[in-house]
């Protein structure tokens, strides 16, 4: 039987790195997880016993630490770019290398109003992310964030939606709106100040979420995206994923008690899923 | 500023259903989780406060249970197809509906060699999956499985690979090969016996994994895919994802002891990632 | 200020080991995770900078692999005992050593009715467990299992319970009963056939769960414990923990549909928790 | 065969509540998960089919929302106390009720330096906890926190420890110290300002962690506990659990590169476990 290997990639996931940048007056600390994926002329390893073109994933792992030594880790974008370019330039058989990095965030401990020089708290669900794809003649770069959990206790409603015989949802002008934001935007391929852009994106996302009345997750998502595009000329497109993590009014009427829209059951499942890509025109 | 809503979808995830099929002599039991995603004319909800086209995700949740009542749950493929078609046929604004279902597996308890009529054990990582996309004029269907964890203690090696100054991996003719198989194949859109096909696919995957010497994960993956295509004429293409979950020989030489290739450290991270799509020619 | 160090222990958790026992005609394979906890004369490390009594937890990790080399891994109970005894006998400052082991289960792949010699499937939630505490003059040993997920679709009810103004639960003679069994029993400290006992315990737990009508989780738990004590003279006491993992009838009446006690919503939370210890009299 | 039901308890876990306290100028928001466990005269349900004494765990769930209505949720300690007392006072068969509450933390979004009135970020691993046990004539209360993840990049070492032939760990004066703090302290049973105490405890834990050189996890744990007892007269005893979450220097010497103690591999397992209870004397 004749078959075709129509698509294939391989790589290493969850290569974890902690990096200390020892400044004179303080230490900076970055903890990241990298995923490397290569595409190219690796067919022989699939269709025969010939591994001669295969760069072991163990070597990819070593490369993460070697690149950290050789180039440092100034930002996850720079680091991912250095890695992706290395794989493309070093191995003829590599046609494209994609490196995704997610960064666990650590915040300086504040003691008596002073940020500490080398002690941090962590553990948040929010992560900074980036994804860089490099080939012989191009580099595409995306920055992002994920796990940014937000909630507002009011100024959110849902009314005027499509109804039929399977609709039981009650319209409301005042509900809890909780979501976990995942965002990804293009960030050019020259040396932008990725970190400054991320800070600006994040602040715009939070500002709109907090300040605008939300008639639907969709509308708020779109307004958040617009605000980002409006304030960051470097970004031409942003994708937002915002699940609707429901907090349902507890049914205490059946207990002879009244719910003043203040007692809720947060539910892990099911949840709504809303995702859209918005791009700047022209 | 002018922006374009270039891509968008929304839906409901983790709608969980347990379904008892009460046969005369026994109960069949199926537990599944459905994810529904709609694309269509929902722009107004993003660009204005107009929700009139939005089918609430709460209604999608209700629909899962209503479809279970109206059509039963014969297979996850049939169930997903019924759901996807319902959304396309019921709502003009829906251009395509995608329904993904994963099924937790339950096995009849065996008492004194007799399969019990209504008692089961569960808890395995393996799940049956399917994904159905329906539009006004077409349906595409894929079946799959995920979480199928397999391991062989020998008959696996890795030699003759590309080496450079960042290579430290030692070649071996005898290593542990552990992976967790995710597979997805097209399964026609007529009423195939999806379950019979899945059982055949699964047995071929396991057979090749167990019986062939593995010179690389890539090679074994390809052989497994070939065997599936060879034995299942209904399948034209299969995608396999097989991470390389490393068990590393424990370094006990530093303790003055000898490792006879029998004492290993199983490692959660990093892990290799190998994925490929193989299709039948012609 | 004067303070007292009233209780303290330290150790290493998640020391993971994969062990191949190479028999002539087949390989046996065991994958386990060990946790070691020491109590003893370690006060100085807490109350001063003196670490001289501290056995590094890194050494404990090394010891796991060394003991695997020196004594093999016949059963998790033997292995845990060898480890616990090692720490007590080797270090004067150790007053007691507790070693808990959990084993991930691997099942031989069956090909054409033949169990394969070295290929396995895994991924189940069920684990075998044991806990051994050793001091200079005593050893106590417990065997157990956890993660044994079971479900019955009928022959379970709940009626005649205490009612008051906060009760909204409806009585039922026919509900789904789903739980995940954790069991722990004493298993002597001499060389019992731990594995044979575990197999017998497991089969008794499943047999009673499957065959007896359950008027409450409590009643079934007690009957399961009684059956174990009745059939295993070596066991004098067993503790069972059986959460009540609710599958709630889907409320489709509000959709104008009828639930024939066959369409349920499995819920991750909240869940009931039922735990009891039953011991043989006299 | 005669058996004895030597110990038993039952209850409900993961009863989740979101509570909005609507103040004039802002909303306060609390999200918690409660676990209720009852002990008492429930033997009949185990040893016979008599459920007449059993308070359904479903009623316990309802009670969580009813108590939120009747008494509000000022602090998790008050809430847990109200719940525990309710069960003891309402049901004769209850001999003791234990209520454990963990609170997910939400932080007000800061917009242009102003804390927002009803929008929050969440997602941190840190939780506030408490545990209240009530019987007819006594109440014991503990407050705590868990999931407080901290890391320092220097000012931590480990030297002078016990060595033998299984020791391979190198001594160091400069290592990363990372841990996730779990703390529990007694907090009286009268109406203390639990929240003020928790804030003080937390600040003392962080202050000592950040500012003192750590010769061992044990020493630092003890100093942290001492500082808490020293600054909080209301606390007589504190238990701290501080796993040693290792970041291991990446072995890049094998790549011909030098590690300046700045490139590390963070490891999920194995990890050290250090736990101690320290109490005030006299």
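Going in written order, the chains are labelled A, B, C and D, and every chain counts its residues from 1.
Here is the rule we use: a contact is a pair of C-beta atoms (placed from the backbone, for glycine too) under 8 Å apart; a residue touches a chain by one contact, two chains touch by 3 or more.
Please read all numbers here as calculations on a predicted model, not as lab measurements.
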Number of hops, chain B to chain D, where each hop joins two touching chains: 1
Interface residue overlap between copies chain C and chain D, same or different (over half shared): same
A-C or B-C - the one linked by more C-beta pairs in contact: B-C
Distance between the centres, which are taken as Cα means, of chain C and chain B, whole angstrom: 29
Chain centre separation (chain C, chain D; CA means) in Å: 24
Between chain A and chain C, centroid-to-centroid distance (C-alpha), Å: 37
Where chain A touches two or more other chains, by residue: 16, 62, 66, 166, 168, 255, 268-269
In the complex, chain A residues that touch chain B: 1-16, 35, 37, 42, 45-59, 61-63, 66, 90-91, 93, 158-162, 164, 166-169, 215-219, 221-222, 225-226, 229-230, 237, 239, 243-244, 268-282
Interface residues, chain D side, partner chain A - complex: 16-22, 27, 29, 31, 62, 65-66, 68-70, 106, 109, 111, 116, 118-126, 147-155, 176, 180, 206-207, 209-211, 247, 250, 252, 255, 257-267
Chain C residues within the chain A interface of the complex: 165-166, 168, 254-256, 268-269
